[in-house]
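First subunit A sits with subunit B, and in the next complex the same chain sits with subunit C.
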Partner chain A sequence: MRSFLIRLVWRIFSGILMVLAVASLTFFLIRLMPGDPVSAQYNQLIMQGMTPVQAENQVKVMYGFIPDEPVGEQFINYIWGLLHFDFGQSISYEGIGVSHIILTAAPWTLILVFTGLIASFLIGVLAGVISAIKRSSPSGTVLTVSGSLLHGVPQFVMGLLLAYLFTALWPILPFGAPYDSSIDPGFNWPFISSLMSHAVLPVVTYALSSYGGWLLTMKSSVITVLGDDFILASEIRGLKSSTIVGYIAHNAILPLFTLFTLSIGFMFGGSVFIENIFDYPGLGNLLLKSIDTRDYPLMSGAFLLITIAVIVANIITDFLYTFVDPRIRR
Partner chain B sequence: MSDTSTVNTESTFKEQQKMAISARNINVVYATPTGDIPAVRNVDIDLPRGSITGIIGESGSGKSTLIMAIMNAVTKPGKITSGSVLLNGENDMLQLSSEKQRKIRGKEIGFVFQAAQNSLNPLRRIGQQILDLGRAHEVHDLRALIKYAKELLIRLGLDADRVLASFQHELSGGMRQRVGIMFSLVLNANIVFLDESTTALDMLSQASVLEIIRELQKEKNLTIAFVSHDIGVIADLSERIEIFYAGEIVEEGKTSEVLASPKHPYTKGLIKAIPKISGDIDAAEPLKGSSPDYRTFKQEGCLFYDRCPIRTDSCRDSRPELNITSGYHKVACFRVDAND
Partner chain C sequence: MKLFKRLSILLLIAVLGISLTACGGSQSNNSNAKFTTVYYYHPISPGAPKNPYNTTGNSFTSFDKMQLAWSSGLATDLNKFYPGLAKSWSESPDGMKATIELQPKAKWSNGKSVTADDVKTSMAIAFTQGTAQSFSLGSVKVLSNKKIELSQVSGGTYKSFMHDALQQTVVPSFQYGKLLPDDIWSVIDQSLYAGKDKTKAAQAKKAQDQLTKLGKSITKFAPKTDISAGPFILKRLNPGEAYLVKNKYFYAANKVKVNSVSLRNYTGNQQIWNYLIAGQLDATPFTSMPKNILNNALNKKTNEKVTTPTYVAASLAFNQKFDPYGNVNVRKALAYVIDREAVQKVAEPVVGKPAKYTDGITDSAAADWIDSSVRSKMNGYNHDLDKAASILEKEGFKKKDGKWLLPNGKPWTMNIYVVNGFSDWIQGGKVISSQLTDFGIDAKPTIVSSFAQYQADMAAQKYAVGFWLNSLSPNLYTAYARIYGTPDGYNILNGKLTYYDQKDKTKGNWIGLPEKLKLSTGETVNPGELTFKLNQLKPDQQKDAVQKLALATNEYVPMIEIWDYTHVQFVNTSRFNNFPVKDEGLMNNMPGVWMAMGYVAPKASK
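Now for the complex of A and B:
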């Protein structure tokens, strides 16, 4: 137990170091992008007839930082801010804190991508087991091919196709916007049901376009386990087939466990195409917009969130793994 | 020898009553892209109740496949093409529904694997796996089952409590092998197949495991079939011996008789090939030629023809059948009567 705690503290500490390292890297990478929001704004103000000094002061007031501050000092200020959980202020959303913007966008992404991820994982794993067991029969082949095929269709094509089918050709589902704007948001049934019916198409799009990956991974994993001696041994000991399938599933799902938790981490990157098509104000849309407007602080914030999520997911995976696989326990 | 045919059928019937396993005309083929390769051909084998039978043959001779066929557990691409396996003179393993087969496996026939070291689920504790086994065979008193498992483990020289609480990876190779033996016996199976079960052990562990098997066999009057390529182990343990070559039985009989006066040229060669513990190492004579491969399995005539020191041209024309030479001693060779 004590060694467990030491390991946990050490992993958290190294996780924080990793976050800082990635934050520094993205800080400079973002500033290497061509284009520059402040000079653009500054030029615009000059064109509006301000003197250079006025324009500079105006920009300073607007963004709360000195545009010609050396990059080194900017960096130190940025990291110092990070250490105080201050992610800076957005440029395009004038004067609003980055953390506030991100926190407003995050729930939409969570609803969409998390549900989609869970759905695609469940479908993929189940279909993977079936296609592995029935791999020499046509139904198994059809299943595998369907996964690869749908995996190959780009998300925006799939999204548009589904939207066309179910909102235009056969209008049973709403399209666009995360909920019906005539309903007041709140914890009441009309709002929740509207939320759910609006989420169906994007979630289904996500699940359909990504279960193929899980299917193929699970299939190969199951086939490997099927060849293991202990499966034959279980059959010859006359174990029930339900027990044997349980043995197979438990052993085969281990490699997917890591992938799954990592996907949960990457989930905070949002799903740009789906959010775009279905008009969800989620993190994917936010990231896209921040890149468009060269909104450095917002970009850094979004990337930082993804980084933190992946690293945290990694640490959690590491520790959960010791529970699902006894061989890792020390 | 005139009216043996009628007497034979009657005595066969009586013998089958005493047989724990009576397999007839077993044929197993392995499907390959170049066609089916016969791995076991027209094999008849009897395991009398309460006896230990050794099945010996070189790697790839089909001895493990035969055992799997008896349990109707041949894995793809293998396929049983014909045969019958009577269990205690009644149920035909090859005809029963898969649910009935499942209930017989483990409960009436125990099996210790060639790779017994990997025969356990790596993610479940040994104790949990015993419970899984008990539930699969509708054992009501699971507590008694665990108690019996502990007893067996202790007899096998293991720390029972520790083993039951362990995962496979926490046990050594020899320990896992013993756990495998415990699994084959814990449901009180009367018939136990041991497929190269001591091959992975060093000489000392092997000797102790064999001693325990012998003890348990006497005590519970088990019927054991012991597959091995180690003629020493078989000589030590078994009362009856089956010599397997290229998917066929070439000689069978009482172990003492067969080893003292081998008839088939293959058996003779095998015995000559054993190095003696004293004397010149060169006195051991290796068998000529190479092990049977897929071409051997397909050739006409006697399968041992290529390596046989006493072959004649007629051996190439047809396949010799197992014939009684004396008592229970049977040999499949055209030249044996002439040679004797």
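Now for the complex of A and C:
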């Protein structure tokens, strides 16, 4: 137990160091990008029909949200702010805290990616087991081909295809908002059905794009386990086939477990293409917009959230794995 | 497997059920249908304040964010306005004063009357935002509860004073007045001092800093409720759309036939195309689109295309420090090589038409500004490869093995810079490259990753040839400042024109025309000064300067105008009718203005 605690503390400590290192690196990297928020905003105002003088005056007022001290000082203030959980203020969302903007976008990404991830994982794993066990039958072949095909289709192609089919050709599914804003949010059927119907396309796109990967990995893992001696021993002893399938699944799922928990970490990166195609208001869309407007604090905040999520997921995976696979504890 | 099948069937039923529920809500066709459009000024973001001074605030122009009046946006009649909170307005003969009478029935959505004090407070706030200074506002005098007089700053020469004043946002004094100090007008007066007295100048600087500080706090202000004097009031929003309902206190509420409005957020043209093709938008603002999208949109029978002129053109611009583009005859030769019609057909087939002249403004604007006598002096640079070849030969260029060589004997190559995501520029760059290559100049388009980088590199003089949006506005000053403003080294500093030579690479002069240009009429002009002058002339006095600038642009070809954009919008007549499709000025405004003027009515239930 003591060694477990020491390992836990050490991993958390090294995780914090890693977060700070990545935050420092991204702080400088994003400032190396060409363009700056002032000229991006100035040009946007000109495009909106302001005269150059009006746009310049407006930008001067907005400039208050943009730090103008030397980069070194900005960096120290940034790290100091981070240590106090202060992510600063957005530039493009004038005067609004970065943490507020990120926390507003995060739930939509979680709904999209988490639901898509769980759906694709469950269906993919189930289909992977079936396709491995019935690999010589037509149903196994069909499942494997479906996995290979869907695995080969990039997310944005799948998104565009579904968007075309269900929003243009047969416009039966809504998109472009997380729910119908004319409905009162709450625990009522109109709201819940609106929420679900708006999430169908992005979630299905995500699930279909990920399903093939889970299926193929699970199939390969199951086939490897099928060749193990303990399966042969179980068959010789006359165990029920459902029991044997249980053994197979338990052993074959270990590599997928790691992938799954890491995917949960990467989930916070959103699904940029899907959110963009369906204009779903999650973190991926937010990240794109912040890059477009050179909103340094918002970019830093979004990158930081992804970094923290991945590092935390890594740590959790490490520890959970020792419980799932007792061999690791030795 | 049975369980798997059952689960699949249940899932399918659930999806269909949800879909049908969703369709039932969005496709209803009755008097309660909500009017759906796209809000293109800023993203819709929960958490942003309901504050019109915040650039991303949840306050929506023409719906719950009101101005004194709405500009028609017509280049030839800039002073044509539609009434907003102002019922009538007049200007003193010298243009120094504007008297505005408010709508007698104008009320805020809490039932309180809109008064001259509200306008005065709004004008004070305009000083903190830097907008009042841009139209030389000096003082505000309340004449009565519903009448107000605005005056230019002493010695002001700004000729669009009333034009800009009418477009100011008006907010309630009872909500925003508390953000201003009691002595705000003394601070404003101090800030406007422009003399040489050092003490007063120091006070002015202090006052200006105080105004800027106030401006920042005002943009952050987050009112608890949306108080609107417009036709609608914000009810709720999510990150994808804002939902507004009719404001019963609106002064012309009886004219507004629409009960609720949904304003969709969007992140790019793709989303607007999807909404449009799906028939979800009752009004679709201008968006660039390829031909197949247009066809798909028009496949929806109730989508109706409305085309009006715009004042935006796409050009191929040159940095004259790069050889051989500093030679005006080379630029002219290139203008003859490019077949603009062929370029436009591929690059901007739907919302563009080939530019007839290179003169700095679109052909539709030029038709009203440029007399036939001046037009006759202009060169159309119609596609003529022989003429191009003859000009180049005269300038010492030689053609060898089908390829043009520069006068120094080196091969002539050209990179045409365009921006990633700007599909029309990319296609245009490809077609022009192909035309130039066929002519004997090795040209290729080079795509820059983002518009921000493009602008930074352009200003830093990194590109010899690249695309540029010119004209941009019916305001002729803004239009010509796209060429003879910062891009050609002319900047306005503290109200005075300052010129930076191209040798100073930090000041954004990437065109590099000489300061003095001799025209074919024998007159020598300074295009930067002429453009600056436009800012101080009334529209009816601008014609002479505009014609000189147009002629200078045509003769010195700082950029070749390739196509003019056309303002293509769509209205959908499945749920609403009576759109103001025949009123160009009204179509230039947001649908909230249409509704306030009595347009747009729900179709009867089927």
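Here, the second predicted complex is superposed on the first by the 288 of 330 C-alpha atoms of A that agree within 3 Å, B and C clash if a C-alpha of one lies under 4 Å from a C-alpha of the other, contacts with A are read in each partner's own complex, and residues count from 1 in each chain.
Rule of thumb we're sticking to: a residue touches a chain if its C-beta (ideal position, glycine included) is under 8 Å from a C-beta of that chain, and two chains touch if they have at least 3 such contacts.
Treat the numbers as computed from the prediction; the structure is a model and nothing was measured.
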item	value
Touching partner for A:Y247 - first (subunit B), second (subunit C), both, neither	first
Contacts of A:A168 with subunit B and subunit C, given as first, second, both or neither	second
Touching partner for A:E73 - first (subunit B), second (subunit C), both, neither	neither
Subunit B versus subunit C as contact partner of A:D228, first or second or both or neither	first
Partner chain in contact with A:P326 - subunit B first, subunit C second, else both or neither	first
Per-residue touch tally on subunit A - higher for subunit B or for subunit C	C
Which superposed partner A:A177 touches (first subunit B, second subunit C, both, neither)	second
Which of subunit B and subunit C A:R237 touches, first, second, both or neither	first
Partner chain in contact with A:R294 - subunit B first, subunit C second, else both or neither	second
Shared contact residues on subunit A - subunit B and subunit C	none
Footprint of subunit C on subunit A - complex, ascending	33-36, 39-41, 43, 46-49, 51-54, 56-58, 60-62, 64-65, 92-96, 100-101, 104-105, 108, 126, 130, 163, 167-168, 171-183, 185, 190, 193-194, 196-198, 200, 276-277, 279-281, 285, 288-289, 291-292, 294
Subunit B partner contacts - residues on subunit A that touch it in the complex	228-230, 232-240, 243, 247, 250-251, 325-327
In the complex with subunit A, residue positions of subunit B that touch it	71, 73, 75, 101-107, 111, 113, 115, 118-124, 132-133, 135-137, 167, 169, 183
Complex contacts: residues of subunit C adjacent to subunit A	1, 4, 15, 17-23, 25-26, 34, 41, 43, 45-49, 54-57, 73, 128-131, 133-134, 212-213, 215-216, 219-220, 235-243, 260, 262, 264-268, 270-271, 274-275, 277-280, 296, 450-453, 455-457, 459, 472-473, 475, 477-478, 481, 485-486, 492, 535
